[in-house]
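In the two complexes below, chain A is the common chain; its partner is chain B in one and chain C in the other.
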Partner chain A sequence: MSRFLVLMSFVLLFAAGKSIAEPAMPTGALGVVIERATGSVLIIDRMQHEAIDRIEGLGDLSHASVNFSPDERFAYVFGRDGGLTKIDLLERRIAKRIIQGGNSIGGAISDDGALVAVSNYEPGGIRVFDADTLDMVADIPAQSKTVGLVELPGRRFAWAGWESGDAYMADLSGPEPVVTRLGATGANPYDAVLSGDGRHFVVGLFGEQGLTLFDMWEDAPEPVRFLSDYGKEGEDMPVYKMPHLQGWAFTEGQFALPAVGRHAVLWVNRDTLAETARTKTHGQPIFVLSQPASPYAWVNFALPHNDTLQVIDSRTHAVVATLKPGAAVLHMEFSPRGHEVWVSSRDDNKIIVYDTHRRAVKAEIPAQSPSGIFFTARAHRTGL
Partner chain B sequence: MSRFLVLMSFVLLFAAGKSIAEPAMPTGALGVVIERATGSVLIIDRMQHEAIDRIEGLGDLSHASVNFSPDERFAYVFGRDGGLTKIDLLERRIAKRIIQGGNSIGGAISDDGALVAVSNYEPGGIRVFDADTLDMVADIPAQSKTVGLVELPGRRFAWAGWESGDAYMADLSGPEPVVTRLGATGANPYDAVLSGDGRHFVVGLFGEQGLTLFDMWEDAPEPVRFLSDYGKEGEDMPVYKMPHLQGWAFTEGQFALPAVGRHAVLWVNRDTLAETARTKTHGQPIFVLSQPASPYAWVNFALPHNDTLQVIDSRTHAVVATLKPGAAVLHMEFSPRGHEVWVSSRDDNKIIVYDTHRRAVKAEIPAQSPSGIFFTARAHRTGL
Partner chain C sequence: MPDPRALLAALVLATGAHATDSGPTGAEAAWLEHLVIQDCGSCHGLRFKGGLGSPLTPEALAHHDGPETLAHIILDGIPDTAMPPWRALLTEEQALWIARYLIDPDARDKE
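After this line comes the complex of A and B, so read on.
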């Protein structure tokens, strides 16, 4: 009897110790940072300005991206090696990991949180998984590499095909997926983005000039080409890194566009789709991100200018600040109300936290070759 | 020894039992529902479609509103009796409660989550509290009842004064609050709202025709009057209930305005501030809310039409659906990505959850005289 109680005490001590070591924790101010060289991610607490744990064993995380469940508990990490890893941010462990393809390029989660979609280069097409179990629920193959996957309301997703030069939508709200071809985009779409109101699906082209827009509020969206004199112009200037269209800043009445291969940000009127202004920048822009609830957009740059950030006023289109956070600045993430921006400096092995109002450093957090930074607030945003 | 182990086992059994009863829980899909008649709130889980606990003892909750901490752990409930109650959603208990004034009308939380501001009728003015301790950190008195309190980025707040007919801004980012008079609004402002991009602070008037807008991106915002032929027109039609301006739907390029005392929603061009269309509605509108990531606005109504909701297409300004959720529909709250809207039916003692795409009921949750519904996703939104 007494031996049983000793044993029982140890069992219960372990259970109690576990609950003391991992106290109840809210998830609204958590996030993950991709450590690309080591196949690991940091779980961070953005209120405390600290890394609270490191999760390892996520495979090839070059070019990785992340989505979150609606309750902000689970992070879905899409790796370049086709890995889809579900991280439990509360228990700080990998809940499940599968290799779902050979070379994947990003993902999206349905508005109700039930489905996770992955876009693949190898094989082409998209695959859709049950968000709980990661069991595959739909395989939508294509001859093309899939780019620019976005979420649309009503358990729908849209994407474009690199070789086929067209765009598709899948509706997974019924018993069987319904796939619709939206139309031709132009040659070699390389990325796409959805505006925050879910209306405009904008596709960037590498193979020819211009961009293509679809109005996703329409029953039968049709391609509209614009900025037909914009794009990669001949071989006069090497493109050091393709810009990310997920980073396009949509602001009231206009959006900002990183010019491919040029030292410029283009400003486009959202009604007329005409270029209204051009801002000369320090280098080739990669991400152009709106600082929430402000007139400002923040820009980072390709090599050899990737130690620099610039801030542009969307009213005057003038550069109002130039900052030098560190070596190889790969990504920025704003707090959802915009009071901070977190910046990854890969080659200085740290995250730098800026006060956006003073544009001053308020904290630094060590990290191993950090790239993407993703806050759980993304769970509540359309298009991701 | 054996007696010690028995005791120890019970202690540990209790500790383990506690951790089993209240497991680690994410906070991104929680919310609170005001039960106005009983001074209680329900904590709800919007993924599970269920009430998970009831918290009692919150005083007079008629016309109560709620803000959330950035980590989505704490709900700050502003009661009509001047009560400010901080609820811990994880531990499901009142963390702190103070009576901070005689008659309060709403609150806001700073972008960094450090400060909670309350607007008061009695005494007039606003009071600002440390979000952790609820200790008062600033008292900004006024001769007027304070209305339309909003949060502005950079630890700032703005509001209007009912008797004084003007608007103010307080900057709490430095060691002492800096209060600035923004200018005259017109007679008897009754509510105000901030656009999602933090730019336009719009004040509704009861004492004269028109509305007043301030561009809060300017260094010195100035009042701009618009819709000067709009407002309460004589005594020809009784105003059964003042509409809520927090409910104004700002969509791309236009916003929707509940017409005071009329069976109409007005559509205003955001650039020109001119009325562009008018939608005839079933009753006097109270809330006009944008369904996220869609062209639709949902409207509820004052007595005697408060059993009805209508859905309006912002492109055509036509009513596209009329629904009858239940008796005395007081409030609506959309899931952040818009796939659901939760509707309170006070006199049927229930919350009705609609699938917004099918406009069909998908769940019902019992509640005692429910009024306001507030999801934790509000933590991540500017202006609240």
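After this line comes the complex of A and C, so read on.
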């Protein structure tokens, strides 16, 4: 009898251990790809070069973006239609989904992973949610469409207003949010980004030339305009797609950023904010992204040049490679150490994986109208 | 005897799918629809409910005099806003097709 009990307890232990072990897959190689037209996302394994699942029912995903919980288990997907969807990457299902606004443009997660902030067009402003329950903890309305939402250390967020042309910061470390107006940015800010050291909050302008920088290490950051005359030598060209500043290149002590209405990447000395060089490009740049652990920046382009990528050497500012991955290249995502870049080709319905050192295609993954690609390593990056 | 369904399909292709008398048809119309949804949708929303750009639903466009006015906006843009002139990428007939597509979803359904 006692021998039977011992045997049974071993059996039970084994069964329990198995049930715990089964869902415990690592998430460090996972990522989420937005399928913008079908309201779905792919969960991908970037080490296996494959899509492992598709999650559907996420609404209008034009311009959707994704943040990750610090443990890389949950993905927060911010949809155009105000949808905020929390995906469990282990169980590969929607853990929670809310419609938090009418028209949204992206989000950010606090450094401790406790709060998720969403940037809204309609109604304008920022809404902040408990990352666990998605219950709203703060509603910070604005008269403007909010753009360029970034995370700042210490449960803080900053953003800019498209119509109002100014920037704000909210501190949510206390019992009540404290909102501070940082100052005027210039007309129609279209996006913003925070440097990886948390210091420079840089706002790009569409309504006039130039950018505005705030030193967030200061107690009272002041707006500093730079590059305010980068294009006076000629007429602006039509901008068929708004550039992005998320994850733009900071390399070799320089900012590399997209010119607006110019087929050019602008290089700026980070200390003096003076333009040091200009690279003529194939089209209007959209993303200018630094390849990790390298001197190179990769650039994609607006319509009608969106079948092309160019690689620029930050030392010489010369284009060193021009690639044709596919039709309507919308986004690029580097592996954390930069050995691969994943490229979405919306109109060829696929993801192309490049070996960045050989600049050669090493894999292709089918996807439906893919746009943004987001790896879980983003969980550990400041500003997102 | 050819399959009548194949003949019908060929006829539809040859005469074009659009409800209007002239203008873009067939593959060109399909390309335009893709452009409207995906590329106009980048700013105006894939479902045309607006984004950085204004909504392009039939209700939102009801104040325009007709598709010709909207086609002019598509071709020439709106100065001092983010709406660019598409004249370098679209013909007048194509812009008019897009304007009709947005204003009249009933005609869209017949395609």
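In this section, the second predicted complex is superposed on the first by the 353 of 384 C-alpha atoms of A that agree within 3 Å, B and C clash if a C-alpha of one lies under 4 Å from a C-alpha of the other, contacts with A are read in each partner's own complex, and residues count from 1 in each chain.
One rule holds for everything that comes next: a residue touches a chain if its C-beta (ideal position, glycine included) is under 8 Å from a C-beta of that chain, and two chains touch if they have at least 3 such contacts.
Nothing here was measured: the structure is a model prediction, and the numbers come from that model.
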{"item": "First (chain B), second (chain C), both or neither touched by A:328", "value": "second"}
{"item": "Touched partner set for A:103, first chain B, second chain C, both or neither", "value": "second"}
{"item": "First (chain B), second (chain C), both or neither touched by A:62", "value": "second"}
{"item": "Touched partner set for A:72, first chain B, second chain C, both or neither", "value": "first"}
{"item": "Partner chain(s) touched by A:80 [first = chain B, second = chain C, both, neither]", "value": "second"}
{"item": "Partner chain(s) touched by A:380 [first = chain B, second = chain C, both, neither]", "value": "first"}
{"item": "Which of chain B and chain C A:36 touches, first, second, both or neither", "value": "second"}
{"item": "Superposed model, chain A: greater residue contact from chain B or chain C", "value": "B"}
{"item": "Contacts of A:112 with chain B and chain C, given as first, second, both or neither", "value": "first"}
{"item": "Of all residues in chain C, those that touch chain A in their complex", "value": "34, 37-39, 41-43, 45-47, 49-52, 77, 80, 82, 84-86, 88-89"}
{"item": "Chain C partner contacts - residues on chain A that touch it in the complex", "value": "36-37, 60-63, 80-81, 103, 105, 121-122, 145, 147, 162, 188, 190, 206-207, 238-242, 303-304, 328, 346-347, 369"}
{"item": "Chain B - residues contacting chain A, complex", "value": "1-2, 5-6, 8-9, 12-13, 15-16, 18-19, 22, 24-29, 46-47, 68-73, 89-91, 111-113, 152-154, 173, 195-199, 217, 251-253, 270-271, 292-295, 315, 335-340, 357, 376-377, 379-383"}
